[in-house]
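Before anything else, here's the structure in question.
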């Protein structure tokens, strides 16, 4: 076995570039898009613009974090969008008892929905995609049963949550950043985080090594539900209304895309937290760019398709 | 297309009840005889109602409620209601199932104007009259279906344009918040608006059209992008009230004051009309969802042997700063 | 070649107690026909509960409206067995409908070939990307979903134009009845048989199973992995295109608002049918049972009648969960006994 | 000189961080059995993968009968007449034995579709020839590793080929199957077919190989006829050490003598049953004792180990550790009680391929290496470092992905994982499978050392020599039941074979 230095010819320019791209493809894509906008989009380099993008991306980032954990265990959670809606419904339902109670109720509902999906996956052995698909249908229906139509509210605390800034930074963005740090810590520094990726990497081996496989699985889905609920609460407070019919619609696809674009493989065994955040930013910037340049919907979708492919291609796993 | 059939809108009846605007005076009418159907008992026989979207927005809620309430009032015992949850294929099979359950009359709120062939065929075999509400079916009245009761979306777009021209004084950049892509309503409301602007106010340029998918959240997000990158925008035409209200939230969030950007929308929900009162919206063109009374009275007439016109266009109201406060009670 | 033939019984796996094999066979049966059993029970319950459920017309309605989903599900079954997934089928379906309706003005042939060519080409492209670059099928076909929907909007003037079918022969293809069932149903049946033979009885089918079971092993065993994968996505695109075209013939128009969320229904049907998303196992009989099960559930919910639209969703979510749980429990019961 | 059937000239192949092959030339002549040997990670498998189109070499050329060729994929190599058994059994677990065996060559009926009846009959026929009688419709994964290996072998040999490459074909085989295999190889040679044979079992090489190429650290260290090379010299070439030094150390490192404390058994399995694989199996291991489990393929050795480790649900029976009953069916409980299993199927049940060497070693011991759920990297580093050193795990760094290690080093990582839990009893299922002579000796010495420290070891090995020299006591299983127990001087290869064959069944 020769050391790195002994083999410059195999470990030279092209390979290095490829690895760099694989590690940092999503960062490069975000940077490229930023540059494009700086040059071609009027009013792009304004504080207000960055505020808008960050505020809009915050709920996506938060759900994507949960999704990244689930995908790390070789699972998938299609129910996140519906859980956002459920959380939103709970918020207005319990707003009578004050904002804190309402928020806690929403979070509990999110965790419960996650637990339901997680139980199906971990204890019954249902495939994640179907388990959470059932949840997607049912939970959105439930949210609608609870709050049959868009309901506005005037609770100042809740509205503040969505519009307040601290030291010039929107509260929503601070929350998203804090949760990112928390999840990164969870993945990198805790036993749970290590066990999670091991379960995703090889479940049989994890079981034989005495890992609490089922507990890890159900916990991951609970966290995903919880984070989706947080995103739901924030989105609700920003909308100043609860709209269970459309809140979080297709969020699952955005979140999955963010995770994968960020370099976490769908085959599990690996979680990239910062990459996920970058993935979400890439999608947000892309959409903003297309809107700002007023492209027709048909173009918007086709361009999105191409850019997502390109970004994932750049970030894809190396093959033998 | 029934265009400009009535120039002066009839004043709205009490509590937002639908009023017939044009009775298709020119076209031929349809009678039980010419349709070739069997007489049935509205009160005892199975009556089917197929709703297209979840009853989760004011329009659909009011629409379904109006049908159900009227049925209850008239003592219709066997009303079967289905909901296609916005899936067109599901609506087709829903209606087919209603036919299989022995429905004698079908009231349909179609999700789409085209693609009704299989349903029309089955209904025609059994001579079941179909009344479509709020959206038209592209087929032959009196043979394929009985009649259409509803608004004229193209016309709504034109009227919204009139309001916009008035609000802006014929000058300025306007953005459109489009409805869901691929939807007839979106298409007609866009076309009507653009045609009228071109015809009446060359000083107005439409600089931005993006879909807000008929939802408040999307309306808000798109508007946030819009006002940041195109500060020169003077007016926003939202193709439904929800998107308009989303736009209002965005404007508030950006620290704008009321009526800095003029907003015109279509639907006439209570929240939107309240928006006019509060000064955030300039005008709302109504699209009246209360089809129950008109649908069943038309059926009764049909059963009684009267002639039914091919289209029953209802008159939609308009809410402006002038009448919003008084008319708030009419909004749904 | 003469080799030492070791004693027949020693040193082998043959020593199992009688009954083992039989139990394994039964287990196999339950695993592969779990969906069929659940379907039978559901139909039975429906028949007992609602009079109008078992009328021939209702049954025919369910079969006819399921047939389009079924055609798409055939392709999806191949894709999933090969260890992939195809999210683009809903977009293919709607795009094909629009293209077929548009093409119908140039005759029956164009009405069929135009959508098949376009959807086939895109399927092929997706297959090439998946097989050549090793990118996750989920993402590649998600891009396909977006791209094809964009293409559909572009073709139909941002959804403003609905093309009407202008060819009698083509409409007839979607609407004519033979022995009480429409042509698409017969086409579906034919395709299921054909697909079944292809999957179980040809080298290609075996290769699909091998790739899904272990791609690495398949490569080393000399399976032409790239080619098989490409064909599988091509098939999925073609079948979704065919279903879309037939549906356009049935509806006599290229409806632009179809197909959203269809991919999830199709995947659900395939998975309920016992095909594993991890690949390597499954079959078409199960998939067909899954498709019908979805249709029956929908029909039953309509029969209940009193539910509000939101409650209908809750019930169908719960139903779906119940079905997969039942199937899992059946599957497990036989394994642990 | 006769033309070479297959030749590699100046091949180099690198992976990030390592140069696995460095200017390797290799020549295979017709009708020869050519041994390819070297330590774990020397580059044997990589060379084979280059020869068969799995990897493209960075440099160098391949020649097939003196014509330059490039193989784009294994299929191309197969078409050119090269048939290969890769190191880790590479078959499709979910497919039936028959379909695996005949994939790509399924018998057709007149209609051109696969004739299933004939497929199963043909498979049955082939497997019987290799001494395997089992239901060929069963999915492959339900069969033991040994049987799977025989299927891979049968598959490779029954493809019309001019070259058959075997990468450690015997590592999961019993002496009886090894004999079968050698019969096959002899036939191949007599038909003029060339064989490349990789194995860490030196006896085997001397029994059948004509020529040997020794690889060391990705370079060719020696190439020549095998019979001119003494065993010790061969080992010395592989390890790059002085022959004299090797001679001193002996063949296996087992001392064979443990001071078993006569006390309570550390772990005791009582009448463990699981239909249809285990019947009333009882085993005890005392502190400081190495207990061997003997038996043929599918005798239930792996199942016994798994049952004790809580990884296999049992129908009846108990497992006690130090007198305390362990919760059934929970590997976690077993590990907490101090029982740890090193599974035989490294790939499926052992390594977590996405994780680094370090994380793989620390995996089972995570709870011990963290405080209130937060892991202590310092503690992990210390443990990982000490085990990597002690087991001499060859990796570019602790952060290298475990899937990039050679098979033998992966095995050491799994051993380290078990040891890191602080286990009192180790259940080692084929611990030296696929391990080179050097490492094997190390592992064997380690087993001794651990036993000396008072650990109990349950050792499963298909290598009878290893079993005899390493174990104090051997429990022989047949058909999932205990057929006999040998201890002390009774433990000999002959006695074990006799016990296996005891019930009067004729032996071949």
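Residue numbering begins at 1 within each chain, and the chains themselves are lettered A, B, C and D in the order written.
Just so it is clear, a contact is a pair of C-beta atoms (placed from the backbone, for glycine too) under 8 Å apart; a residue touches a chain by one contact, two chains touch by 3 or more.
These are the chains along with the protein names UniProt gives them: A, C = ABC transporter permease; D = Sugar ABC transporter ATP-binding protein.
Predicted model only: the values in this text are computed from it and were never measured.
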When A-B and C-D are ranked by contacting C-beta pairs, first place goes to C-D
At the largest C-alpha centroid distance from chain A (ABC transporter permease) we find chain D
Chain B to chain C (ABC transporter permease), mean C-alpha position gap in Å, rounds to 37
For the pair chain B and chain D, the C-alpha centroid-to-centroid distance in angstrom is 72
Distance in whole angstrom between the CA centres of chain C (ABC transporter permease) and chain D is 41
Flagged in chain B as touching 2+ other chains are 54-56, 181
Among chain D residues, those touching two or more other chains are 54
Multi-partner residues in chain A (ABC transporter permease) (2 or more other chains touched) are 144, 148, 296-297
Each pair of chains that touches is included here, namely A-B, A-C, A-D, B-C, C-D
In the complex, the residues of chain C (ABC transporter permease) that touch chain A (ABC transporter permease) are 129, 133-136, 138-140, 142-147, 149-154, 158-159, 264, 267-268, 271-272, 276-278, 308-318, 320-321, 324-325, 328-329, 332
Within the complex, chain D is touched by chain A (ABC transporter permease) residues 1-4, 6-7, 9-11, 15, 19, 189-192, 194-195, 197-198, 200-202, 204-212, 268-270, 320
In the complex, the residues of chain B that touch chain C (ABC transporter permease) are 51, 54-56, 80-83, 85-90, 92-94, 96-97, 99-102, 111-118, 121, 138, 180-184, 186-187, 190-191
So, in the complex, the side of chain A (ABC transporter permease) touching chain C (ABC transporter permease) is made of residues 78, 120, 124-127, 129-131, 133-142, 144-145, 148, 253, 256-257, 260-261, 265-267, 296-306, 308-309, 312-313, 316-317, 319
Within the complex, chain A (ABC transporter permease) is touched by chain D residues 12-20, 22, 41, 54-55, 58-59, 217-218, 309, 311, 331-332, 334-336, 341, 343, 348-355, 359, 362-364, 366-367, 370, 373-375, 394, 396, 417, 421
